[in-house]
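I have a structure here, written as structure tokens, and I will follow up with some questions on it.
Per-chain residue numbering starts at 1, and chain names A, B, C and D are given in the order in which the chains are listed.
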Amino acid sequence: MKKLLVLGLLCLVMVGCTKKGGQEAGVIRIGAAGQLTGPEAVFGADMLNGVTLAVDEWNAKGGVLGKKIELVPGDDQAEPRQAVAVANKFAAEGVAGVVGHFNSSCSIPASEIYHKAGIPQISHASTNPKLTDQGFDNVFRVCGRDDQQGKAAADFAVQKLKVKRVAVIHDKTTYGQGFAEEFKKNLGSGVEVLLFEGITKGDKDYSPVVTKIKSVNPDLIFFGGIYTEGGLLVKQYKAMGGTAPFIGGDGIMSEEMLKIGGPATEGTYATFGPDTKDIPSAKGFNENYRKKYGEPGVYSVYAYDAANILFQSIQAAGGTDGKKVLPVIRAIDYNGALGHIRFDARGDVKESPYVVWKVESGKFKQVK
Amino acid sequence: MFLQHLLNGITIGGSYALIALGYTLVYGVLKLINFAHGEIYMIGANLGFILISLIPAMPPFLQGNLILLLLAVVLVAAVICSLYGYYLEKICYRPLRGAPKLTPLISALGASIFLQNFVMISMGAKDRIFPQTIGMQAITMGGVSFTLLQLVIIFSSIALMALIYWFINRTRLGIAIKATSADPYMASLVGINVDTVISVTFMAGSFLAACAGVMIGLYYGSINFTLGYLGGIKAFTAAVLGGIGNVPGAMIGGFLLGVIEALGAGYFSSEYKDVYAFFILIAVLVFRPAGLLGKGANERA
Amino acid sequence: MTTGNILTTDSLSVTFGGVRALAAVSINVKEGEILSIIGPNGAGKTTFFNAITGTCPPTSGQVFLAGQDITAKSPDEVARLRMARSFQNLKPFPEMTLLENVLIGREIHMTTGILATILRLPAFFADEAEQKCRARDLLAFVGLEHRRDHLARNLTYGERKMLEIARALALEPTLLLLDEPVAGMNPTETGFVMELVQNIRRQGITVVIIEHDMKMVMGISDRIYVLDHGELIAEGAPHEVRANPAVIEAYLGGGTHAPTH
Amino acid sequence: MNGHNLRHDLFYYLGMLLICAPFLKSHTVYVPLLFLGVWGLRRFAAFAGENRTITGIREQMESLVMAHSSLTVGSILAIALLLPFVSSNYLIDVLTSAILYAILATALNITVGMTGVLVLGFIGFYAVGAYTTGILTAKFALCGFWIALPLSGLAAMLCGILLGIPALRLKGDYLAVVTLGFGEIIRIFLTNLNALTGGPNGIMGIKRPSFGVFALDHPRDFYWFALVMLSLIVLVVARLANSRYGRAWVAIRENEMAAGALGINVFRKHLLSFSISAFLGGIAGSLFAVKQGFISPDSFTFYESVLVLCMVVLGGIGNVVGSVAGALLLIIVPEFLREFSLYRMLVFGAVMIAFMVFRPNGLLGSRLITEEIKDSADDDR
């Protein structure tokens, strides 16, 4: 029994091995990778919905190159090891391109595998500069970079808000800390950084750090991280009688932020891409998405556009071969829900996409 | 500043203490660390959320009395949670009575994973936001800011601790729990139904954890399915700090841990906030394994 | 220390939270004798064993093994000084075979280093073979040779007692402490153990026994110490102890085992 | 079963359903099914336990395999060696992952299985090993992989000794929690010591090792390398298990007091098993670092510790081959279940409980060191 079990197991593996991947005739497979389970699964769902919408639209029009698109979801659980496994799985199944991953810490190790397999990867949300700085020719992103975003936030703080004393808080993630460091770097000499401190993600009690912030009495509080911690931080700060406004990035640009923080979020700033309401081409996306899935998450539209860029490029290249598709993507001038997207040599979008938003009467509104 | 940190620490310490009581009670009767206890706390918080979101559907005359409603929410959540505790013991621990130490610990880990994912699947992975209820305005007195809710939480946790103290020392069942912790064999000889006592212990511990869960949910306003891990570990540290198996010890340990964390994060760095808890845990275990109030140093295995 | 005394205790006391389990017990064990310690239940006999072997360090007093102070030593150090013991409630290693159980006793005589073990150098095989041979002999000595590859948890109660003795002998002790070796055994088995103990003594090993079975105690002991409420109340040859009024009083006063049955 | 029993069962499960009710949503309709499954399993376990034919068949198969053990090991190794030729890179990657976990499980088995010391923060040693390699070969590029590999093991071992000296004087649950604290502390430090570990960004660009000019770049080559390492480690651990060291460990697990009375220095033997375990954990970490090429604190969470522990338990506590089988099972099967990822962990937790309740000795039982001989006294347990 004992060793037979092991044998049986190995047989199972063998059977699994014979089921080799590859493009089936008549179908083009596209990978969509992100955290589909786990605490941040909502980001994964937003991404998947966005990509699904794009796939459905293309399939309704008859597919790409006359072939139906098949969407293959990949769950990286926001964990690098799983991301590598997903990437290998995609490579083995011969997907024509990948939208994702979400976390930079997942996108970076996965990109190496896509690079080796010659698969185009368009990340919808990984903003860490390192991703495209690796110099892989197959890696693109439709979102911005943390250094651009940090600069945008710092410029706004210095030029518009004219702050002199800032507290910088981050959540010790690749994203949050990287963003916070870029922000600090771009503040210039006229601004004093009173506090630069990390908090623990997943914690609920930020009263010690809030007390600290209050005691240094800054003009502005920067937060590098996502809404789960951001909302609590704002709320606990205001509950302790704090008055300074917060500024954050794309991570806190979410309805959830407003729900968690409640009225305390009023007056909070966030750097993000421009309002899609102002982009005529986004109208269709917003309507269709709402019809199918409800209010879009902030990254749904990025995933949607990333998928569309992929499909359009495959269509234009006349095949799924990475060698043919990659130059097309690099040269693309795509006009989608996010407006015009063009890539530079690294694979980043050419125009820095960041503007500043502000919470006014319980809603994020773009600061004109 | 110091007083502010102290107050922050006491607020969070109260919930640590409530959860720690569950660990301590169970450890007392079964000599077992109920690793899934943190998840019960998490389920309590989630039940609180579900019940509070039912409030708008209540008849209007009830809705006027918010305090009463909140009390009812806490109570119902706690009762359902104590049933969770009952089933947890029945499914994961009872069949393993007398098995090697490792076995129930692993089944507890299994239960922990199961409950976490059960809640994740049913409640969704994203944070659930409690509706803004009472007393979120800041009150400042002598340089210390706090909210009404904070005071309510501190006082309720103290009241609950008084309740459990009364339960253990003054009621028949409570005294049976005490007797079973001292010597299960003797307890069974004098006619105490040890199975019942164990079930009741789990239920009492879960009751307190659920109360802590709902209160924390109200206080921070946002909960999710991962709440139980950190909360559980911290509370366990508190229980060990006070001397596991020792009821007043768990209470003092909870408050102490909350205050130490708040002061550590406040005066040193909040980046290492969790490290303080673990360092204290290791230091206490190594230098005073029985905890601050514990007795019989080395024999506890 | 007088020569000829292998074990001496000097007013050994053990206190558990205010309760005196042993009160200033001073005894000496002569080399090569069979010594019994008797007394009613709760008299402190097992505590005495625990105190001299370091399992439960004494509150005050001293213990000397062959003239060497072993008071503060841990159980394993004491064992390496060749004082072996068996336990009242049996402690064989249930998931190990009998042979392995006895080999654990041979552990202190094994010399193979960790590298030699991993590389399976000839020294390893030589050592293993020698110790296994010794262990087999010991199992044969207690009459368990035929079950050497069985798991210890499959043994009967009496067999477990035998295994414990074999395991203790594997240390090659100079002094062997047996805690109730025949409790719960039938007369035939008791007779076997009595013979065994005498055989052990014949090999030059001093034996100290805690026992309630008076047939055994009176039958094989050279000398007897009597403990009651942690205090030494009598000492002497079997017939002297039997006639001692203090002993009779102690047993009639609070015990179930009278020394005369 | 009689009427009362049935009624009792009914109440039991109805109660369970009731407390789950507040959580029930459309996509949790499977929960009642799960309860039904648990009930069925309980009945089946009772049936199989009583049914002599089933146990008989099991024993026959056992002895059949045992009789040809070298043949079995040989053929398994042969299959494992040939596997890359018929599988895709994806599968090779999964298998390599499984092999690394098998090394971890084998290492953890020394403390948890053989010595009976529960370690809940084992991933800490893995992390120390991985970061040592990362820091030495990539971050500061001080030396090559072949020097970093043993150094990683030694660094982890040092941590093990430093932790073990105070901690191993504790017992059971307490020790478990201290090691859990250790794992968390390591992770928090990795996240915060930016200058050394790269903080949350981790360390990138760790190169695969090479033999002279022959680089292990292809996943297949690395798979073989990992396989060789696993075989070596299993061999070493099996040899240790089957020697005076292994026997002393097991003796301590079975009864610390008796082992002490037989002259075994329990503390030193504990420390030995702990440090060997940590050393091998560090080696596995080093392999992980070069396999991934990128390490960050995200890979070393408490969940990973639990996963490795489950492998040990699933395979059978104290069983060397079992740990390897457990690792393969827990890495490969979930990989096939990726489509059901939402329910994967739910089932995982339930299986852990079920295993403890119905088959606490794991898949392969707890003994392989010396084969158990069944006889009439077997029902002593």
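For the reader, a short list of remarks on this structure follows.
Definition applied: a contact is a pair of C-beta atoms (placed from the backbone, for glycine too) under 8 Å apart; a residue touches a chain by one contact, two chains touch by 3 or more.
What you see is a predicted model, and the numbers here were worked out from it, not measured in a lab.
Between the chain pairs C-D and A-D, more C-beta pairs are in contact across A-D. Ranked by separation of Cα centres from chain B, the top chain is C. Here the chain at the heart of the shown protein, by mean C-alpha position, is D. Chain C and chain D have centres, each the mean of its CA atoms, that are 40 Å apart. Chain A and chain C have Cα centroids separated by 71 Å.
Between the Cα centres of chain A and chain D there is a gap of 34 Å. Chain B and chain C have CA centres that are 48 Å apart. Contact of a single residue of chain D with at least two other chains is seen at positions 191-192, 342, 345.
Residues of chain B in contact with two or more other chains: 271, 274.
Residue positions of chain A touching 2 or more other chains, listed in rising order: 37, 172, 198. Here, these are the chain pairs in contact: A-B, A-D, B-D, C-D.
Those residues of chain A lying in contact with chain D across their complex are 1-7, 9-10, 12-14, 16-18, 20-21, 36-37, 74-75, 77-81, 84-85, 88-93, 105, 108-109, 112, 117, 128, 130, 172-174, 176-178, 198.
Looking at the complex, you find that chain C touches chain D at residues 53, 55, 74-77, 79-80, 84-85, 87, 91-97, 100, 103-105, 107-108, 110, 112, 114, 117-118, 120, 124, 127-128, 131, 149-151, 153-156, 167-168, 170-171. For chain B in complex with chain D, the touching residues are 32-33, 46-47, 50-51, 80, 83-84, 87, 90-92, 95-96, 99-107, 109-119, 121-123, 229, 233, 236-237, 240, 271-272, 274-275, 278-279, 281-282, 285-286, 289, 300-301.
Interface residues of chain B, counted against chain A in their complex, comprise 1, 4-5, 8, 11-12, 120, 124-127, 129, 132, 136, 138, 140, 145-147, 216, 220-227, 230, 261-266, 269-271, 273-274. Of all residues in chain D, only 58-59, 61-62, 64-66, 69, 72-73, 75-76, 79-80, 83, 86-91, 93-95, 97, 191-192, 199-202, 204, 219, 292-296, 298-299, 301, 321-322, 325, 328-329, 332, 335-336, 338, 341-342, 344-345, 363-365, 368 touch chain A in the complex they form.
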